[in-house]
Each structure stands twice: as structure tokens, then as C-alpha cells.
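All remarks here apply to the structure that follows.
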Amino acid sequence: MYFISIFPEIFLFLWAILIFVIDFFLKEDKRKNLGYLSLLGILITLVLLFFSAQEDMFGGAYSHDSLSLFFKIVFLLSAFLAILVSIDYVAKFRSFKGEFFGLILFSTVGMMLLSSARELIFLYVSLELVTIPLYVLAAYLKPDRKSAEAGLKYMLLGAISSAILLYGISLIYGVTGTTFLHEIMTMLIRDFLHNGLIGPGLYLSFIFFIAGFGFKLALVPFHMWAPDVYEGAPTPITAFLSVGSKAAGLVAFLRVFFEPFSVYSLAWVTIVAVLAALSMIIGNIIALLQTNIKRMLAYSSIAQVGYILVGLVAISGRGVSSVAFYTLAYLFANLGAFVVAIAFELQTGSSEIKDYSGLSRTSPSLSLLMTIFLLSLVGIPPLAGFVGKYFLFAAAIEKRLIWLVVIAVLTSVISLYYYVGVIREMYFNKKEGGEKIFLPFAIKLALLICIIGVILVGLFPNPFLNLASQAAMVFRY
Amino acid sequence: MLPYSWIIPCFPLLSFALIIFFTIKKPKLSSQISIGAVALSFIFSLIVLVSVLGNPVTSEFKFNWLDLPGFKVDAGMLIDPLTSVMLMVVTIVSMLVQIYSVGYMADDPRFARYFSFLSLFTFSMLGLVLSNSFFEIFIFWELVGLTSYLLIGFWFEKKTASDAGKKAFITTRTGDLAFLVGIFLLTTTVGTVNFQEAFHQVESGAISSGLLTLSAILIFGGAVGKSAQFPLHVWLPDAMEGPTPVSALIHAATMVAAGVYLVARLMSIYALSVPASLVVAIIGAFTAFLAASIALVQNDIKRVLAYSTISQLGYMIMALGLGGYTAGTFHLMTHASFKALLFLGAGSVIHAMHTNDIWEMGGLYVKMRTTAITFILGSLSLAGIFPLSGFWSKDEILLLAWNKNPIFAIVGMAVAFMTAFYMFRLCFIAFYGKARDQHKFDHAHESPKVMTVPLVILAFLSIFAGWVGIPWLSKGYSSFVYHHEVHHLEPNFILMIVATLVALSGIYLAYVIYYKKTISAEGLKNKFAPIHKLLYNKYYFDELYNAIIIRPIFKLADFLFKKFDQGVIDWLVNAAGNFTVFLSWFWELFDTYIVDGAVNGVGYVVRGTGAVIRRVQTGQLQNYAFIIFFGIVLIILLKVF
Amino acid sequence: MNLENGIQTAIFYILSALIVGSAFMVVSLKNIFHSALFLVLCFFSIAGIYILLSAEFVAAVQVLIYVGAITVLLIFAIMLTAQLYSPSIRQSNEQVIPGLIIVGTLLIVTLSVLRRTSWRISTQGIEGQTIVSIGKFLLTTYILPFEVVSLVLIAALIGAIIIARKE
Amino acid sequence: MNFPILSYMIFIPFVGIIAVLLLKKEQVQAIRWASALFSFIPLVLSFFLLAHYDSSTSTMQFVEKHNWIPSLGVTYFLGADGLSVPMLFLTALLSFLSVIASFNINFRVKEYFAFFLLLEVGMMGVFAALDFFLFYIFWEVMLVPMYFLIGIWGGPRKEYAAIKFFLYTLFGSVFMLIGILALYFTSQPHTLDMMQLISQAPLLGRGFQLIVFVAFFLAFAIKVPVFPFHTWLPDAHVEAPTAVSVILAGILLKMGTYGLLRVSLPMFPKAALYYALPLALLALINIVYGALVCMAQKDLKKMVAYSSVSHMGYCILGISALTVTGVSGCVFQMFSHGLITGALFLLVGVLYDRAHTRDIDAFGGLWAKIPVYTGVMTLFCLGSLGLPGLSGFISEFMVFIGSFPVFKVIVALAVLGVVITAAYFLRMIQKMFLGTFNTKWEALTEISGRELFTVVPLAVLMIGVGVYPSPLADMIKATLENIVHLVTG
Amino acid sequence: MTLYHFLSLSALLFCIGIFGVLTRRNAIGILMAIELLFNAVNINFVAFARFINPQGLTGQIFTIFVITVAAAEAAVGLALIILIYRQHKGVEVDKINIMKW
């Protein structure tokens, strides 16, 4: 038997509320256990997800299909890992330990809704549900000036970007007179058949949409917030941002641009392609000079989005499935790297790359894992990152986007340099008095999940690929 | 028996292996093994000779060694009269020299190694003689080169010695380049590396005369290198740094003759190409004259002999160039005997005197009679005095030259004259007159039996070996070793007499100057100072080569490494550097580590741009907002309008 | 053109003038408190525009939430963040000129685009009680966003508390 | 045969890695012997390979094919033919010997051997893989351990050398990746199976071939390395620890030429013909340039490194000739250069361990002190300078005779390389071993049994191939004939 | 009084808002400017609702949602500003740039 398709979201939301409630009755030091509770919630949601029907609801405003399924899994995974690593991290907060998890869950619910949203009001509102908790979470380390600054920057720029998005939405609404994606599609197709050219108003709205989603994806030139926020925010949140909210932006992008806007794909694809190229180039180049690992990973994640879009601009089933697949691969590798960073930070309180020197001597296994994650991000086979990139490039090449792929591969060569920079610190240099990094159980578990993910997705990508290609079948090309 | 003659080279090889791996610590045993081995090969080659004499035909034995389309090699042996003769020469000389060495090298720390090298050499030389294909002969060709390198540099503590070895190897190898290319040219055209087949193809006109000439000349380049012909003759005199017996064996009797042997072996090619054979003849004649003239004024006993060797080799080459297959090889044989004798003699003198400078010797006749007598016999033979071996062979060549082209005959005469002169200059200075260095003279003594016996044997040979070629013999050398058909030259008495007279006059002149001293050597020297200087410095060949070849190459190498591998790259780095300077009031660019390599150049640029771009990330929230809107406006302007 | 239209037009232009003027004040005044007040004015006149567009309910909401809630919040915050009446503080940064350029171009571009776009103007106007139909819509078609926005509010609420609370 | 011998050869070292990782850091001896064992088994297997290989046909043998990632058309497809079998054998042999040679590593032993075995996995895989995806994976997998091996255990400028190597090779291989994808999508039906792609090669358009050939060539040329891309080599070779230099020179360089033979020629016949002359010219530059640069070297190891540049030039020349003899010469050269240069690096390492310098001029007259070492060293130098009777000669000769009919002038010039090679090797020998003994080295000890054990097999093979090459020739003949036929038709 | 009038009005307002965002040093000022942006959008929506689909009224509904969310964002934003104020004793955003490059 199947639940109604929105049931998982409802459940997770209620669970979040439950967390808040229990939080009142727990003593400050017990509250970290709420983390395990929320993990349980996520697991249950995951299970429910597979037992919930794939159908449209609310007159097509909400639809749970293979695409949203895939991305909901991604969201839940990233939330799971983020919470897992937070359990020991929350010790840094003086208060509101419980709410931390609750807000993450809220944001996750938002993402899940977003991935199913096929109506613009709903899409906008759930987008806000994703981001508003994140504003708070980014500023969660209150005494830390960096954290507060990150929160403010994120919030203000986020508000601006959502205003831009709204303007775009309003224009679309003006052109088509509706906010339901499928209706918009029919309208646009009619226009298209009526007069092939794209109207300027529509074009403007496309651009505003790209800008709005580009902000969430941290796509050049809308990426500026990312490095600062990533650096300032509590590291688990940085991890969550770098995967969860990106994926959210991605899925919204797919929904909007591949269903209604696909008619005029020629109009927007070049813009996106160019922005992708810029992201790869700028992200990688600036990352070369970073000394803080969080900031470095921020820039690298900007570049990674560029790679993802390489697959996207090849508007094809292969392309979309490659995007989905790479998101998964990227999730494991990137979160893995962050988990290591968190473990290191928890012990040494530093996230400077130079402090990693000699890590391979004091805690070899940790540095080995880090190496694997980073190499996966570079795209060294047989790790997940490689298969993902291969798939992306394959999609692009199939569509003869050679120039883009050339840029992609060259920049990935550049990226090698800074990823390996960390490895070099860990393995080649030695530091006196570096002590072994202690790994709490939760962190161990997170690392285990990530490493298994990276290697499994790399060596036996079949099931994941099938899932991804099913997700891609949602759209017509 | 013939099919089994592959055994001949195997004995020395075996002994080489044995010595290297087992008896390197037991000098006595090693020498016995080595000598025993060569003795065995001598016996077998004797058998071969007999059987070939029995029916003088060319017989080949081969098996497939490598089979690729376009490159099929049958390893094997080619046995004909020439081969059998060469086998004899090689085995005899090598055997005698090894016996002699037992005495000469008696107190050398690396006695065993010395013999192992000798065996290796004998093996390679025999292999070379037996080869049946260009490929195979080239292999052994290189191997003898190697052994000669090892043996010249045997006393490697002496810088001069190891230098000489290197020089020899590289110089000959330069010749081998031409040889190699020639082989490529010929074999790829006729499609086989086997001698017989190649000859057959060539004679059936499978290759255009132009190509044939070219390849023939190129291949001759190999001979020029090995046989120290002009312009690659410079290595041989230096090679005298090696132990004297080695000089006798390798640099007088056998290896240097390999070039001559090669030309003889390829007679059917040269016969078909007039220009090529002409080149050969001219080179030979020129070298003969050149070397002889240099020999006139040298003071180092071995160097005199070395130059005489060069000139004699030139003689043979000239003969072959003139189509004198018989004459050339005949002289090769006789020359082997008396030149080996002379070297060994010189060796025993040096052994006694511990010096090479003839002006420190003198009056040795009384001290070491056997050596002196044999040496003088050798000299006579070399000068070509009736009825010693030298006479017959040289006469054969002169006769041939006279019939073919008198100019060469005249050159030959001149050379003969000079030869006689410098040999006896040597004899008179070394063995007669009074001792110049009393101290050395007192310590001088006759060499042990083990050294003198070979001298005697060789002396015997250098008297009688030539008699097999006496023109009046009905079944002489010429009717045994010949190319295609026997051409029996009518002996020419006038020529014989003239030749003898020339030789005698040369001897007389030497007698007058260095024995009677009626003409002062000094006077002459001063009178012809420039010429003397020129000759004394061997026409400045070494200096020339050093200036025009060796130094430039090193310069080039240095340039490529220093300037190019690092320079170009530096240039890129600087380019990157300038780029960064131009781009930047940003210090990040300069704190990067020192780099070389284009990659780093690029890296520089990338980092530079990075440092520039990152400055946009000011941390100013409103700049970020600005960028966002700027981007949007830009896109709109680009796309919508 | 008939009188009613004329009046409407006149009102529109007055309101527009108010809106733009006050908005400009908001972004340019040295004294942040004054600009807050101008913001209130701006919101009111926008409400007026809504009424012109026969969206009474929206107008009401505008007044309630914006004027009632948000501006109050803003002023409250301004009070909290002290140093108000010190005109010595520069209120605008050095981005004025580039900002003007960007904004100007954007404005021109947008206007021309909007001008050149062919809108599907529907002939009939809004009739009857909009409030009723809006209510219907909110509880039928748009029930989902309606629910979700409540989550947003909860999240914002909790968040605001967490952030703002002193430790 | 259904026994998946290739998979075993590839993955037994991997088992070795696990074994090594399970051992304790302190159990140095155990780690050493374990890795020796796990690199020895593949060697044994490779003998089986040689024994069971049927040289009469050019078809793939020991084939293993399983579906892996159907949606990408990726299969787990292994196989060996006359081209790969010798390389696999060489890999197994050199890896084993290098492991033995690495016994003197005392610093972070565990990691060292783990990386080393991983390296072996990669190399084996490259030579056995017949599916492009698989090929690329192994190709890349090697880079990582190599990076660490150079970077951790290398010489003074190790980090620089390591990252340079990594960047260079990755730069090349990403273009190969693009090429692979391009091939995949042009093939009908889409496939990554090399054999099928080869069979489809004639269908490819000329322009397409010309472009994609370059993409692949970049990757291979950097590995070889061909002239403009060679600058990573001296750094990497010089800084790397002995055993790694051996692998670098012995195997990694061969992958470039192997790739050219396995991929570039059969899949882009038209391009191969088109680019033959430029290739030959590059080869010429490699040969002469490399040799000349050797002359200028003071550092022994650097000299050997540059000599590789020169020697790999012969391989390229042989390939560019597109004649069976030339290509066989190339394969011969690959094999013999693997043996000789491997041994040379081992010997250089032996000396360096004792003297702690590689400055040629610092030595002198060593023959008197360490005759055995001198003898072996001289032997290999002679092999390297192409002395007849040793493998170097036969391969060079084949290359020359194979390419002479095609490029007369180029070959005639390339022969110069032979003399220059002789010159710098003899110069080196003379400076180090001849002349008066430099008493500074009184304490120098003779080469040890273990070290001797590492080079003797190589010497035996070198002489064996040199004296009687036909076994190897017969093994590769059929395959190469097929390849050349595919190109020249 | 056509649709274009209203759209131009909103565009104007939007641009003014952007100007404020770009130039206001005071964080609260920026927040106000952002509110202007939202209002501009709202005008768009309502105008479209009026002229494009009068029976649908989607625009008006959207406006309501926007207003609500804006309120929420304002709340969070102001909280953040207060937090910043506590740390920096000021709310000038161009002073808040610990993190850069």
C-alpha cells in the first residue's frame, strides 16, 4: 500500500516540531541526543519516501515523480550527514542545541517540497522555507563575528536574489497569466507555434530566473556570497549548504527550465553554458590561492556547479541524468571532505590548510580518507567523481559542446593543483607535536557512509545511474 | 668438416666466459685456458684450410635467426679460400701474441682479465671472418671495436690510455655510421642482408649504378674507420697506449686488416662500381703516402710502426681499389706476419728499456741479439727486400698498379722508399751506435724464451710466408684466392729490380744519415724545418678535428641543455612574470616559489589571474550585490538587444 | 475619455509621484529614521495603487502587514541600533555613481522591454467580491503554499528568537 | 582458457596492498616480504602467459568480458595479444625486481609498499584493458601512487617534481578522455570496446581522425615523452627514488608507445598516415636532442633520464615508419629499453646509496675498487649504446632498417644519435670507472648480493634477446602485421 | 491608464530599490530598499492580475504570499542586524568585512 505522495514531507515537518517540543524538556547537556532523534526521523522519512505514491496533487501544484524522488534522497542524505556531524559540533553553541537540528529539518522539508513544486507560488514559498532557516543556521555561532557576518550577508543577498526571482516570476505570470508550470508550458508552446521568436518580456524573465536560481547555485557572477558564507557559517551548515541548497536550486532550475521553458531552450542555453564556463574557470582559479579549507571548498563547489551545468546544457535525457548522478557523486565526496574538516576543526579549532601538515603521520586513516575524497573531487578514477564527470562530459560531447568540455577538463587539471595542495600538506610535510585526531562515533559513521558512497558509486554506478536516468525521464526533450 | 667450423670461434668465447666467471683470480690458469682455446681453433682452422685447398669452392652454412617481413636474417658462415686464409692468419698471430703476452704481461695485476679480453677479441675476429651477411659482419665488426676499446684502455689508470680507447671507439664508430647507412641503403634496395644473395642481386642489376656507388662508398666508410685510413686514421697512433702485444695483434695484424677484409669480401660490389673503386684506390694511395711521410720523423718506436701500419693498410686498400683482390689479400697476409713480428720486437725492446723513445736506445744489438735479428728481418721484409715475404706481396701490388694506372705505381714506389728509410732509421738508431741512455742500457737484457720464441716463429713466417705467392708458382696463392677468375699477372723483372733498388736506396740513405752520420740529421731537420714540423705534428689532424668537430658538439650539447631546456622555459617564466607585473599591484604573485618549466609559466599566469580576480571578492556585501546586478544587466544587454 | 477615467489617471499619477518620491527619499535621506517614515508613506500610496487595480484585499493586507508590522519592526530596530540623529555618519557608500549607471541602464532596458512586449490584455475586468474568491483560492488551489508559508513563519519566528536573544 | 589469468595478474597486487595495510607499521620485514611475494605471483603468472600464448594468430587471447556499466556501454574487458604480453611480462618482472630493490627503504615503509603495489595494479591494468573506460581508469590510477612515491620518498626537489609529473600527465590524459568520448559517440553502435572500434575505424571520417588523433597523441606523447613535452621527465626521474625511476623509465614511458600502437594506429589509420612524417621528425629531434643533452649532464641519473628521451625516440621513429619491421623494432626497443634503463637506474641507485652523490666528475677509477659493479654497469651502458649482441642493438637496427625505406634522410640523421650515445656513455664510464682512483672513495663497498640479484635477470634477458631475438619476434609478429595492415591496408 | 503605466511604475520602484541596496551603508537601510523591491514586484503581480487574468486573481494571491514571506524575512533580517550591532556596535555593512578574498 502507498501513502499519499506528500506524506513524507508532512511526517518530517511534524518530526521537526516534535524535536522543538522535546527540546524544552531536556537539559542543555542532553540536547545533543536530539541529533540522534532527528536522524531517526530522517531514516523513517527515507523509508516512507519509497512507500509513497508517485502522483500529482493539488491540481498539479505538487507532483512526486522519479526526479523529485532522486533529489529527495539526495536532500535526506545530505541532511542526515549534516546532522550526524553536527551532533558533536553543537557543543560549540552555548544554547539552542536542539533548535539547530530542528531548523536543519525545516530546511530539508523545504527542499523536499521544492523538488516537487510545479507551481510558482508554491515553488517560491518552499524556496523561502529552504533559505530562511539557513540564514539563521549560518549565523548560529553567535559570539563568532564571522558567523554573524556570514548570516547577514547571506540573508541580505538572499533576499535580493529572491526579489529578482520574483520579478522574473511576475513577468512570466504576466506573459502567460498562470503560475502552474504545465499551463505555462502549454501557453508558451502556443506562442511558439504562433510566432517562433521569443518575446523580450519572456526573455527578461528567463534572465531573472537564471539570476535567481544562479544565486542558490552559487553560479558566477551570482556566487559572491558563497565563499564568505561558507567560511563563516558553522562547518556542518557549510557542508549542508554546499550540497543541500545547491541541489535544491538545481532541482528548481530543472523543473522550471526543462518543463515550461524547454520550448525556448535555444534562448537560454547559451547563457547558462557561458555562466557554467565562467564558474569553472573563476571558481578553480581563485581556489588556487586559498589558505582556508572551508573557503577553498567553497570556491571548489562553485566550480563543481559549473561542471554540473555542463551536463545540463546538453539538453538531453543523458544530460539530466548525468546532472542528477553527478550531484550524488559530488554529495559523497564533498560532504566527506567537510566531515574530515569538521573532525579536524573540532580537535584543533583550525581550518587552515597549513595546519593539516603531517596529518598522515598522526592519523593516517583520516588523511587517507581525505585524500580519496579530494581525488574524487578532482575526478580521478575509479572514484565516484570520475564516473560522474565522465557521464557529464559524455552528455556534452554527444551534443558537440566540445569547447565547453575542453574548458571543463582544463579547469579540472587546474583544480588538481589545489586539491592536491591539501594532500601535500598531509603527506609530504611534517609537523612537530601534531596529535592524533580523535574521531567521535558520529563522525566515524559519517566518514564510513561517505567513503562507501564514493567507492560504491565509483565502482558499481549501475543502480544509481538507473535511478538517475529514470529521474531524467520526467522531462520531454 | 666444414659444417662444424662454427666451433672455431666458440673456443675463445668459451675461454672468455670461463675466465670472467671462474678463474679471474687465477692468472696462470687463465692464460693457459686462453692459449689452449686459441690453439684448438688454430688446429681446426688448419683443417678447414686443408679441406678448402682440397676443393676451393665457396660454401655457406646458415640457419634462420630472425624472420620479419622486410628483415630476414640467416645467421651462418661463409667459407671460401679467403676465409680460410684469414682464419689461419688470425689464429696464428693471436696464438703467438698470447704466448708472448705470458711473458710481457707477467707482472700485471689484471693478468687474467687481459687474457679474457684477448679471447673475446679472437672470438669476435674469427666471427667477423666467418660472417655470411652484412648484419652478422656488422655485429662482429662492433664487437672487435669494443674489445679494441677495452684493450687500448687496459691500463685505464693512465688518462692517455682511457682517452685513446674512447677516441678509437668513437672515431671508428663514426666510420661505422657510414657503414650502417650503406648497409641500409644496399640491403633495403636488394631486399636481403645475406652476402651471396646480395651479390647475386647486384650482379643481376637489381640496384641502379648510382645507388650502388653511393652505398659502396658509404660501406667503405666503415673500412676507413677500422683500417685507419684518411681521414679517420687519427685513432691508431693513440691506440699505441695499449699493451704492445695488443698493438701487435689488433692494431697491426688482424683488426685493422678487417677493413681490408671487408672491401675484399665485397669485391663483387666494388668491381661493379668504377667510381667507388676509384675512390677506394685514391684514399688508399693517399693514406699510404701520408702515413709514410709522417712516419719519417716520429721518435716513438711504436708510433713509427703504427704509421707504417696505416701506410701499409693504405697499400692494400689501394690494391683492392685497383681490383687487386689477390694482391691486396696477399699483402694483408704477409704484412700480418712481419708487422706482428716488428711490434713484438718493439715490445721486447720496450720491455727491456722501459721507454718508447728511440733516442734513448742505441746499441741494443749486443744486448738482445735475437730481438735485434728478428726485428731487422722484419724490417727487411717490410721494406720489400728479395726474397722475403714483403718483397713478393709488395711487388704483386706494384705490378698490378703499373698495369692498371702507373700513377699509383709511382706513389707506391715513393711509399716503398720512405718505408725502407724510416724502418732502417729505426733499426740503426735503436740497435747500432752507442748507448744514449747509459743507465737504461745497463739494465737492458734479452727477453725470456716465452717472448723470443714467437719472435723467431714470426720471423720465419715473414721470410717464407710470401713464397706461396711467388709468381712462377703454377698453383700459388693467386690461383687459390681470387675473385671470379684467376688473372695471373706476368711477372715484370724491370719493376722488381726497380722496386728493390728503391728500397735499397732508402735503406742506404738511412744508413748514411743515422749510422755513418755523414749527413747530419739535425742539418736536414733545420733545412726543412717547416716540413719537419708539419710531419712531426702529423699534419695537425687531431687539432683540426678537435677544433671543427668535438668542441662544437660539446658546445651544442651545452647550449641545448643550458640555453634551450632551461632558457626557453625561463623565457616563458619571464613572460608569465611580466604578465603578472603588468597585472598587478598584488604581492601574492611574487611570493610564489621560484619556478622553471612552461607548466609553471602557465601556473604563474593562472595564479596571477586568480590573485587579480579574487580581489573582486572584497567582502563588501554591496559590491557583491553590485556584481550581481552588473551581471544581469550585462546579460540582458548582450542577449535581449 | 470619460471623467472617471480621467480621475483615475490623475489619482494614478499622484500616487506614482508619491511612491517614487518617497521611495527616493527612503534610499537617499541621511537620517535613517526619516527614511523609515517615508517608507511608511510609500507603502500607503502603494496600497492606493492596489485599490486602483481593484485589489482591495491586497491593499488591506499591505497596510496591515507592511505598515503595521514591518515598518514598526524596522523602526524598532532603528531605535535599538542607536546612533540615529548623528548626521555625521555617511549614509551612502562610494558606489553611488556606478550604482546610478547600473540602475539607469537597467531601468531603460526594462522599460523598453516591457514596452516592446505584447501582453495578452484580457477585456473583462475584475467583478464581484475579490475577497471571497481569494479566500476560496487560498483554501483550495493554493492550500499547499498557504500551509507552507506557515512553516516559513514558524521557522522565521524561531530563527529570529534564536538570533536576537542575548546570552 | 577459462582461467582468468589477467584478472589475477592485475588484482593479486591489490590483495597485497590489503595485506600490507593490515600489517603493523613496525613489522618492516614482514611488509617487505609480503609485497615481494605479492609482486612475485604475477611474475609467475606472466610466465604462464608467455607459455600459453599462441603466437600464430593476432586475435586477442586470455579474453575476459563481463558487463559492468551497461548504461555507459562499459564492459570489464581484458585480453592480451602479441603487443601486450611482452609488456605484461616486463611489468611483472620490473615490479618484482623494484620491490626487491626497495628493501633499503626504511622511511614510512608501509605506505611505500602499499603505493608501490597500487602502481603495479595500474600498470598491469593498462596493458591488459581492452575497454576504453577500463583503460582510462588504470591509466589514471597509476598517477596517484606515482605522485606519492615521488613526493614522499624522492630527492630534494621531490614535491615540485611530483606535482609537475601529476599535472603534466593529467593534462595529457584529459584530452584522451575527450577523444574516448568522441570515439564513443561516433561509433555505431556506440561502444567503448577497443576491438570493435578498431573494426569500425575505416568508417571514421578523415577530418575526425585527424583531430581525435591529436587528442590521443597529447596523452601518449607526454608519457613517452615526445620532444616538446619531455620536461617533466628529467625532474621526475631524478627526484624519484631508485625503484620508482625504474618503473617510470621501464614501464610508464612504454605506455605512451603502447597507446600509439594499440589505439592511435589501428583506430585512426588515415591520421596515422597523415602524421607519419611529423612524427618521424619529432622522433629525430628526440633521438638527437636527447643524446646531445645527455652530453651536457654532470648528474649521472639525469644523464640516464635524458638517455631515455633519446631512446624512446627510436620507438617513435619505428612507429612512424608504419612497416612491420619498424614497428617490431619499436616493440623490441620498448622491451629492451625497459630492461636496460631499468637496470641502469637500479645501478645508479646502488652507487648513490653508497656515495650519496651522483656527480659524474666526483668519481674516478672505480674499476680498481669495485670491479664487479663496474663490469655490470659497463655491460648495461654498452647495451644502451647499442652494442651488437645485446638487445639494444637489435631493436635499434630493426627500427632503422624498418624505417629507412620510408624516411631515408631522417634515418641517416638519426644514426648520428648512435655515435653521440656512444660518446656520452663512454665519457661517463671513463670519468667514473677509469683513470686514476679517487681515494675519496676508499670506503666504497662492492655491490651486494641482493642488488646483484635485481640486475642479473635483466642482464640475462638483455643478452638473450640480443643473441637470439626470434622468440620475441615471433610472438609479436602476427599482431604487428595485423596492426600495420590495418593502417596501410 | 494602461498596464504599461503600472509596469513602468513598478520598474521605477524596483530600480530605486536596487539603488538603495547598492548605496545604503546602513544595514537597515538596505533592508528597507529590499522591501521596496518586494513592493515593486507586488505592483507587477497585482497589475497583471488586473489586466491579464482578472478571473484567476493568482497575482493578488501571490502578492499576499510575497508580503507574508517578506515579513518573515524582515524579522530574521532585523534579528541578524541586531546581532551584528551587538558585535560591531554599528550596522554599517561596509565595516563588516572580516572575510574577503
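We just call them A, B, C, D and E in the order they show up, numbering each chain from 1.
The definition used in the following text is that contacts are C-beta pairs under 8 Å (C-beta built on N, C-alpha and C of every residue); 3 or more make two chains touch, one makes a residue touch a chain.
Just so you know, these numbers come straight off a predicted model, no measurement behind them.
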Item to complete: Give me the fewest steps it takes to get from chain D to chain E if each step has to go to a chain it touches.
Response: 2
Response to the item:
Chain-touch separation of chain A and chain D, in steps, is 1
Worksheet, complete the sentence: centroid check, CA-based, most central chain -> D
Worksheet item: Farthest chain from chain E, comparing Cα centres?
Response: B
Worksheet item: Counting C-beta pairs in contact, does B-D beat B-E or the other way around?
Response: B-D
Worksheet item: Looking at CA centres, what chain is most distant from chain D?
Response: C
Discussion item. Centroid from C-alpha atoms only, then distance chain A to chain E, rounded to Å. What do you get?
Written reply: 26
Worksheet, complete the sentence: Rounded to the nearest Å, the gap separating the Cα centres of chain A and chain B is 77
Discussion item. Roughly how far is chain B from chain C, centre to centre by C-alpha average, rounded to an integer in Å?
Written reply: 102
Practice prompt. Report, in whole Å, the distance between the mean C-alpha point of chain C and the mean C-alpha point of chain D.
Written response: 72
Worksheet item: What positions in chain C touch 2 or more of the other chains?
Response: 93, 95, 98-99, 102-103, 106, 110, 113-114, 119-120, 122, 142, 145, 149, 152, 155-156, 159-160, 163
Worksheet item: What parts of chain A, by residue number, touch at least two of the other chains?
Response: 121, 124-125, 128, 132, 135-136, 139, 142, 151-153, 156, 160, 174, 177, 200, 203-204, 227-228, 289, 417
Worksheet entry | Sequence positions of chain B contacting 2 or more other chains | 614, 617, 619, 621-623, 625-626, 629-630, 632, 636, 640
Worksheet entry | Which chain pairs touch, all of them | A-B, A-C, A-D, A-E, B-C, B-D, B-E, C-E
Worksheet item: Can you list the residues on chain E that touch chain A in the complex?
Response: 7, 14, 17, 21, 27, 30-31, 34, 37-38, 40-41, 44-45, 47-48, 52-53, 56, 58-59, 61-62, 65-66, 69, 72-73, 76-77, 80-81, 83-84, 87-88, 93, 96-101
Item to complete: Spell out the part of chain A that touches chain D in their complex, as residue ranges.
Response: 360, 364, 375, 380-382, 386-387, 390-391, 393-394, 397-398, 402, 405-406, 409-410, 412-413, 416-417, 420, 424, 427-428, 461-462, 465-466, 469
Response to the item:
Seen from chain B, its contact residues with chain E in the complex are 614-615, 617-622, 625-626, 629
Discussion item. Touching residues of chain D toward chain B in the complex: what are they?
Written reply: 160, 164, 167-168, 231-232, 234-235, 289, 292-297, 323-325, 328, 365, 367-368, 382, 387-389, 393-394, 397-398, 400-402, 404-405, 408, 411-412, 415-416, 418-420, 422-423, 426-427, 430, 433-437, 468-470, 473-474, 477, 481
Worksheet item: Where on chain E is chain B touching in the complex?
Response: 18, 21-24, 30, 93-94, 96-101
